[in-house]
Amino acid sequence: MSTTISIDGFTAWLDAFRTRVTENKAYLTELDSAIGDADHGSNMARGMAAVMDKVGAAAPSTADELFKTVGMTLVTSVGGASGPLYGTFFLRFGMTAGSVSECDGPALAAALRAGLEGVVARGKAEANDKTMFDAMAPAIDALDSALASGASLADAVAAARDAAAAGRDATEPLVARKGRASYLGDRSAGHLDPGATSTAMLFDALAEVIAA
Amino acid sequence: MSTTISIDGFTAWLDAFRTRVTENKAYLTELDSAIGDADHGSNMARGMAAVMDKVGAAAPSTADELFKTVGMTLVTSVGGASGPLYGTFFLRFGMTAGSVSECDGPALAAALRAGLEGVVARGKAEANDKTMFDAMAPAIDALDSALASGASLADAVAAARDAAAAGRDATEPLVARKGRASYLGDRSAGHLDPGATSTAMLFDALAEVIAA
Amino acid sequence: MKKLINSPESVLADALRGIEAAHPDQRVDHENRVIYRATPKEHGTVALVSGGGSGHEPLHGGFVGFGMLDAACAGEVFTSPTPDQMQAATKEVDRGAGVLHIVKNYTGDVMNFEMAAELAAMEASVDVKTVVVNDDVAVQDSLYTAGRRGVGLTVLLEKIVGAAAEQGRSLDEVVALAEKVNGDGRSMGMALTSCTVPAAGKPTFDLPDDQMEIGIGIHGEPGRQRVPLADASHVAEQLVEPILADLDFGGAPTIVMLNGMGGTPLIELYLMYGEVARILEKHGITIARNLVGNYITSLDMAGCSVTVLRADDEIVSLWDAPVETPGLRWGR
Amino acid sequence: MKKLINSPESVLADALRGIEAAHPDQRVDHENRVIYRATPKEHGTVALVSGGGSGHEPLHGGFVGFGMLDAACAGEVFTSPTPDQMQAATKEVDRGAGVLHIVKNYTGDVMNFEMAAELAAMEASVDVKTVVVNDDVAVQDSLYTAGRRGVGLTVLLEKIVGAAAEQGRSLDEVVALAEKVNGDGRSMGMALTSCTVPAAGKPTFDLPDDQMEIGIGIHGEPGRQRVPLADASHVAEQLVEPILADLDFGGAPTIVMLNGMGGTPLIELYLMYGEVARILEKHGITIARNLVGNYITSLDMAGCSVTVLRADDEIVSLWDAPVETPGLRWGR
């Protein structure tokens, strides 16, 4: 179990995320059918397929290069709400990670936090708006506090994964205030948020890769 | 059992026909769904409702007046193939029946034959084209021969009714050569012809009224 | 049945009220169910009357206006209008130069228009000629049957012949042109789903999810055959090939219509047009003009039809002539 | 799922090929998925760029042409296009007088157009302004939510603002006009059936035969509420009343659009327009101009929407100004 995550680790993370959204494409689209427009699964699958193509071709050697490619590819291939949001997340992540070939726990946490801030800057979501924020923010909070209390990187990321999953589950009863689901008013309650669900997959993928 | 049919009898016949096509509106439309355009039931029901309205208001006292009203009402309220065909049938029927207040068997048979000739003049159908002709022609033939062999009017009309029903049933295996069903080619086989079915009702109504 | 209607019986009357409200350039005779131009054409020009069952909108009412029809008679859904409607329209639009009846080849339509022409002739005042459109290659043409149906070509014919009438051509010239257009155009249609006739209340036929009907008309009738659902490029082949097999388009320019049956969205119609254009190009056929959209429909049926008309410079210039109707408009 | 497509993945690319084949007056950039006018407008005039997810045809591509848009960016079905598409279009159409982005208010569309404007501003060469259309009264407007959706009014706005741009008005004037139109128009929609997103392969929602969705948008999303199916006159009330409750139309003339969602035939749209016109008349509202048809659709959804725009003489005359696009055409 390593204490850092390398470029290969990042690439493995992205690949594991791609696998999850591809395998769960129909599921994510079904969640988006209930309270959105039935495209979150195709959006994420299309975007992550494009990302892995680009990353495979460019083979970047530093985090900033890698995640700039990831972010720009998502921005230019996804569209919708998730394109700019996940795109901005990875762009900011890369800018904060910087021109390095690996990140330790605090560096990873800082990059993730910058990504979250990018999402907020773009989408203005707050807690309990029933968006990806509701999985992402608790995950990063959990990562921070686990690291602060001396947990290993693997344990800290596992805590982040669990917090993301809990945050995803907690979106179910919420009435949406951002994104398409907000148009449904009270009818949005009783359904998981698709973006929070894909974000939980992002942290699940990270935990798997770090644990490997 | 009378040996003639009076104006009241004709009106009762029309009313009995109206009842049959109205009660079987969905059935006739269903037959027309299989090999046509799903409107024969509504066409006939609309037409006969208009006929009874007009006849009730005008209360004609001779056969030519009565059936001119019937024919013109069908022609101007039905449309489609059945409007001109049934309309022409009744117009010619009335012209041949003439300015009389009742018809005996031969007069009735002659009027029906004239009606049939009107249908043929309009629609050019021949035997086994899978049209109303296939119920109408055998019915009138049966009426003629029953009368010729000395049958009572009631028995002769009953024979006509049976022949019409047999003619209707015999349309089932036919491949249509006239009307919309002909567009289906071989696929038209295996279904009763809607117009032959409504024509069988016309003779059934006549038999009921004569027997009464 | 899910429809935006008040009742199956009042569909036509209610729709005519909407048409009247929407189109100040048209005038609706609700009694006779005829749609007229609000401003009649010039005296001395041939007038065009068409009509047929409702449920094919914009045909025919949407093509009443400058450069196309003078009147359209609306029948009940899928039921041809009646001779009295047609006769009223014929008398009303005659500008002294005669009236052309444009009739789609269906037994009912033909018989009702025939009776109308007989009535008009009895009045001995209006010179009525008739063209019967029969362009549907799905139906075998034969002397012993009702012959081919009139489908998509009707739209093109109403535009082209309407332009000629507007130019002041004589009734005989207009008839000759109409016959020429009818002889030079062919259509073929297909359905993904049945339509639902309001009065029937349920779909005319059931079509499994993996099947389509090829060779349908515009009245929701089943087609010539039921075949497995195919992708757009193969559907396009099944529509175009029978047309090309039936008529030699030589090196002539063509006018092509990719028509929707009413329930198919425009994105699919464009996609199909792309496939059709590709196939025609492969056969060396030049498309001079085209129409893509819902022009002659079958209520809410999903599906489409292709019409190809062999044209020449005159036909193309009549096509390009100004038209101002709810359904087709350019040049003014 | 029954659709005239080759594969869910290629719907957009294939449809763009059909659009290109059908419309010689348009030019398609397949790489960037942008539809342009074949002949760019005059130098010194403001250019209009819009775009959004596909599946709403003819919006937006069908409104590219003289008197309306200069470019339309096509996203995947129901997915807003990406900033790079918009930026390419923006640079391409700029004629030195600036570019207006017409954006429907959806989180995705707004964010992508925002990023595109940021990119364009970085290049410091193109003056980009944005109008965000948000006319859907089905959605409660609030500072704390994503606000109202942009729906039917987009069509009217593109026409009116397009005419103003064509006249040579400055970017600021064009923006002010766009804001005015956006402030003065309201829409409300309903669905009889769900649509089917090709990539999803099945209907977005199930709707029992006796129910309808009121307050839907244009992305097949469920509406504000599910209510019992009603006859057309009551459906019309449920669409018109919330619009009138939201904005005072005073004695102003209005422009009214009765729009189909893609799967509803024209006969029903006319019928609904008749009901809507009757209700507006009852409220003393004058309809100066109208549109009835499929203009901003939701794939194959059955249903309709009503848009009412409070107009004045200037707006009506901009409405009447010549337009030549596949979707709207008059005056040339």
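Points to keep in mind about this one:
The first chain written gets the first letter, and so on, giving A, B, C and D; residue counts start at 1 in each chain.
By our rule, a residue touches a chain if its C-beta (ideal position, glycine included) is under 8 Å from a C-beta of that chain, and two chains touch if they have at least 3 such contacts.
Per UniProt, the chains are A, B = Dihydroxyacetone kinase DhaL subunit; C, D = phosphoenolpyruvate--glycerone phosphotransferase.
None of these values were measured; they are calculated from a predicted model.
The chains other than chain C, linked only through touching, come apart as A, D | B.
Common partners of chain B and chain D, by the touch rule above, are C.
The mean-CA centres of chain A and chain C are about 55 angstrom from one another, to the nearest whole unit.
With centres set at the average Cα position, the gap from chain A to chain D is 32 Å.
With centres taken as mean Cα positions, chain D sits 29 Å from chain C. The distance from the centre of chain A to the centre of chain B, with each centre set as the mean of the Cα atoms, comes to 75 Å. Contact with two or more other chains is made by residues 77 of chain C. If you sketch which chains touch which, the chains link end to end in a single open path, with no loop closing it. All chain pairs that count as touching, in label order, are A-D, B-C, C-D. Residues 53, 75-84, 106-108, 111-112, 114-115, 136, 138-140, 144-146, 149, 197, 199-200, 204-205, 217, 219-222, 224-225 of chain C are the ones touching chain B in the complex. Chain C meets chain D in the complex at residues 1-7, 11, 14-15, 17-22, 54-55, 57-58, 62, 77, 192-193, 209, 212, 229, 231-233, 235, 258, 262-275, 277-278, 287, 290, 292, 294, 297, 299-300, 302-304, 324, 329-332. Partner chain D is touched in their complex by these residues of chain A: 29-30, 33-39, 41-43, 46, 75-85, 122-123, 177-180, 182-185, 187.
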